[in-house]
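The structures come next, written out as structure tokens.
One chain, chain A, links the two complexes that follow: it is found with chain B in the first and with chain C in the second.
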Partner chain A sequence: MMTEPGQPRPKSFYFLAAFFAAFLAFMYGPMLVIFILSFQGENGGMSFPMEGTSLLWFKQLLSDTGRVGDIPSALLRSLEMAVLASALTVVICVSAGLAFRRRFPGAGLLFYTAVASLVMPSLFVGFGIALGFKQLGWRTSLFTSGLGAQLTWTLPFGLMITFATIGRFDRRYEEAATDLGASAWQRFKDIILPIIMPGVVGVALFGFTLSYDEFPRSQLTVGAVNTLPLEIWAMTTAAISPVLFALGTVTTVVSFLVLTAAIAIIGLMVRRRSGGRATPA
Partner chain B sequence: MSWMQAAPLALVLLVFFVAPLVFVFVVSFFDYDRLAIYPAFLLDNYADVFTSSITLQLYSKTFEYAVIVEAITVAVGFLVAYFLTFHVRTTAWRIGLLVACTIPFFTSNMIRMISWMPFLGREGILNDVVLAMRLSKTPLDFLLFSDFAVIVAYVHILTMMMAAPIVNSMSKIDKALISAARDAGASEFQIVRDIVLPLSRTGVALGSALVLTQTMGDYFIVHVLSGGKSAGVVSAIATQLSAFEYPPAAASSVVLLVVVVVLVGVIFRVVDVRKELAG
Partner chain C sequence: MNAHAAIEAPVSTPPSQRYDLEMVAVSKVYQGAAAVNGVSLRIPKASYCCLLGPSGCGKSTTLRMIAGHEAATSGDILIGDRNVTDAPPADRGTSMMFQNYALFPHMSAVDNVAYSLKVRGVAKAERREKAREFLDLVRMGEFSERLPAQMSGGQQQRVALARALITRPKVLLLDEPLSALDPFLREHMRGELKRLQRDLGISFVHVTHSQDEAMALADLVVVMEAGHIRQAGAPREIFERPGTAFVARFIGGHNVLARDGRRIAVRADRCRLGSADDAVGFRGRVANVEYLGSTVRVTVAGENGVDAAALVSDETFFAAPVEIGGQATLVWAERDAHALSD
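Showing the complex of A and B:
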């Protein structure tokens, strides 16, 4: 149990700290192993020991030997999709988040539909969309059915993050702005948005990474082309070689870059807010 | 005004979630052969689901995974959240450690699943350790391509989905309440049992809804890490889909969908999730 700084820590602290450290090792250990093994020597296998080191597996990713799919195109496609999904998730979720602060007819129904979309087995959503398109005689494609399928996954998550940030927003700031004669747009642009901005970056981050990594809803809906997770899936079911680890390293590096950028932006905002001026009480 | 702001969300969900599920429901009554599906109103697809002996096997496997993973993630998630909220003293450390826990969540699930292979394989790291420590004379075979591997991967991928909502709940517990209990002579165990646990139940419920449904909805982790030996309900549906047997796949989907909705409904009767997130 928490004790004041300066007081001795209880025994339970050391037990829980050890447990927590083990948990972190469990979370990061396998990732680290993949990272190391992706530099496996040319004669090395899928596990330790390392038979020297090489960049062979990364070269194979880029090469057009037909042994692996077209990874660079799939990566590019996934990034484009993730940017688009992230932007849409931010706009749609912030807008809906504002709506949900008031009661409106169907609010409960809409909320529980979003929750249902979150907990629904993902394969069903993809299946339903593919089936619907087929019955209507439409072709499934990346930026129609594929994008829609991914939004059913990113929007509910984004909505939860939005609730957690807008829900804690103090309405009095807004009322004060109204009393001072601000229009609805001014209220949003000058008061609400700056205050909820760190949460908005969080929503963008969720939108991006959830789309970038999405597999089960995309599988049946992206049409003739593959996103990166689909390429990984194809490689998993085919022969497994350290190329898979090289791909894992590449995609994890991309995730890390995005994550670092988001954390840096949020950190900067929070610091500027607390340092720049007195916090309104 | 509110409706206009909520309309884009409603529209996307209607077109890409509600309508597709209606299609699945409708097609579950259709007839089919090797070439196509035909509009009809047949109950045969459902009759097949309920009379097949495999259905029971699939559901018991799915529930087995779900219950085991739920139990482990609740225990681990609770301890992690409790440590972060009540034992870490400064906000900076708390946020730093929480971010450290969350980072893997933002990386590819597919890769996280694959990353267990070099760990658990016959010539994997864990077996190297076991052999080096002479815990066993031969490499352990049950580690990879087994239920064990599947559960390890589920726990790895899903624990933060449980821990994050619990952290959210715990952070709202008034610290004065804890101090009062301690001053009144309560032990840490009593405080956890009588204050922290009851006040974290909303987080546990939300986390459980996510973990249970993600486990029950999975078909690719179980396929890869059991080496094709185990299959849950959704695995079987995926197999039917790859054979283009849409109507029976649709009927199986509807049945599982009802199960999932009832399960989540029961969980959400316990907590008001919307209030929980906003409060």
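Showing the complex of A and C:
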């Protein structure tokens, strides 16, 4: 019920408002601090006060001086990995989602086996994979053991989103297509995929960000090179300079842009379908 | 109209072919339980057939087996004298209009209608032109670029009809086609369906749970219950001679009563309010009086919880009205009592 204007608010309002304020502070406070400190003056240090402002740390970040870790290569590796993991996650999850529409024997067990990966301690999954590779006499590397370790993280999430999306898919669309003579492939390409597309974009996005951000499972499985989160972690323990904050600011802005673009695309798709305007002939 | 020429089936009919659809002892068993149990049915050429029954009676399953979206457990299905029991849905000479229409939400009306041509590899310009002809046929020509979400329920239904008809089916299957519409539109579309069926000269099989709809539309009403056909015939035949108590009750307008250890059906409109000493009658307390305009329905509660109703003209009723709670006797002519088989 709405409180009338002029009426005193209930106590619960203040409690909940305080709680929400704390939530905002925890979430955005640190980001704000990092954002501000990334513009630290040239003689400034890793903490307040600010000694003037400069763009020095951004320049250092982007130049190849060797004073900081190898950020550009790590970033490139992370992007490659995220794209690959995201693509595999989409293909595997959509296929699985379609297969699971039929309630085959053991479907429940199979699903929980796949999803249980979410509650496994990540560090030990990575450790186990590395150990397994060593046992078999293989060398761990980015796109073998590293990719595998990341998929144990992205697939369960992807599966759950896909199942939720495909669960809402009305089988009658498919039957209608069959009735009209469509083959299995035509049904998938013309009917199912366009209808579940917002969910598929969601899976791709999730796969991308989970992989891009993944730390514990990657740590022991990527072999001789580092992904971006691993590189950053190495930097925090070695190089100490505000260049770290500049990196934080840049990655945050990039993530934000990617996310905004993706949400805009999904929004556009949904709006088009709900009939914001007719499609041109 | 151009579109009519497009749809006239150029097939010359062999003299042997008298039925558009034949079902021979068709059953569907799910995990030991029969949803459809030994259904045999013949639908003469160019008929409007309604499968009528309460929910769960097997009428939708029957329709889906005719369409090929459900495999028959046993029995045979023939369409135009060809056994299609194991044929895929698109190769049966049937086309289905789904409940809630199942229009593809991401395609415009014209693309929805053209889809069956697209999957057959017809070039874009040609298939869209053909689709427009069919949209004209259902009077949706001016809405061809609309998406389903931009159309009303009635408009969506017309598009769905055009999409089903463009495949030139011998038998059009309609799953509860009018249930999603409001009552006014429902009656209007009823007329449209009948018009199309007559104009196209093909058979329609229409699943419904509404007896009004079946009576108004059908040449052949098939009343189903618990997976069986209880009675099939012309609407008038079914209304005048219901075979079983179930059919009499479901079709409505009948009183089912016990007489001399047998069950009889008497139409409510053949009952009148008599005096307490009439020999043939149903005595009881007036439970309800409903004024329906040109008629008044008087419900009388007898012994053992049996109800019976008389539908009397307003003139007759108000000449000698009865009150709720008063005593009344329903009487009828002996020839209006109709013996039931169970």
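We take it that the second predicted complex is superposed on the first by the 241 of 281 C-alpha atoms of A that agree within 3 Å, B and C clash if a C-alpha of one lies under 4 Å from a C-alpha of the other, contacts with A are read in each partner's own complex, and residues count from 1 in each chain.
Everything below uses one rule, namely that a residue touches a chain if its C-beta (ideal position, glycine included) is under 8 Å from a C-beta of that chain, and two chains touch if they have at least 3 such contacts.
Only a predicted model underlies this, so the values are computations on that prediction, with no experimental measurement involved.
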Partners on chain A (chain B, chain C) - clash or fit: fit
First, second, both or neither for A:T251, with chain B first and chain C second: first
First (chain B), second (chain C), both or neither touched by A:A234: neither
First (chain B), second (chain C), both or neither touched by A:D170: second
Partner chain in contact with A:L55 - chain B first, chain C second, else both or neither: neither
First, second, both or neither for A:A17, with chain B first and chain C second: first
Partner touching more residues of chain A, whether chain B or chain C: B
First, second, both or neither for A:P194, with chain B first and chain C second: second
Angle at chain A between chain B and chain C, C-alpha centres, nearest 10 degrees: 100
Contacts of A:S183 with chain B and chain C, given as first, second, both or neither: second
Superposed arrangement (fit on chain A Cα atoms) - minimum chain B/chain C Cα distance in Å: 17
Interface residues, chain C side, partner chain A - complex: 67, 69, 88-90, 94-96, 98-100, 102-106, 108, 115-116, 118-120, 145-150, 163-164, 167
Chain B-touching residues of chain A, taken from the complex the two chains share: 1-2, 5, 9-10, 12-13, 16-17, 19-20, 23-24, 26-31, 33-34, 37, 45-48, 91-93, 95-96, 98-100, 102-107, 110-111, 113-125, 127-129, 131-132, 135, 145, 148-149, 151-152, 155, 159-160, 163-164, 166-168, 205, 209, 212-213, 215-216, 220, 228-229, 232-233, 236-237, 240, 244-245, 247-248, 251-252, 255-256, 258-259, 263
Complex interface listing, chain B residues touching chain A: 1-6, 8-10, 12-13, 15-24, 27, 76, 79-80, 82-84, 86-87, 89, 97, 99-101, 103-104, 106-112, 114-119, 121, 123-125, 128, 156, 159, 168, 175, 178, 182, 188, 191, 209-210, 213, 216-220, 224, 234, 237-238, 241, 246, 249-250, 253, 256-257, 260-261, 264, 268, 273-274, 277-279
Touch list for chain A against partner chain C, complex: 170, 172-173, 175-183, 186, 190-191, 194-195, 272-275, 278-281
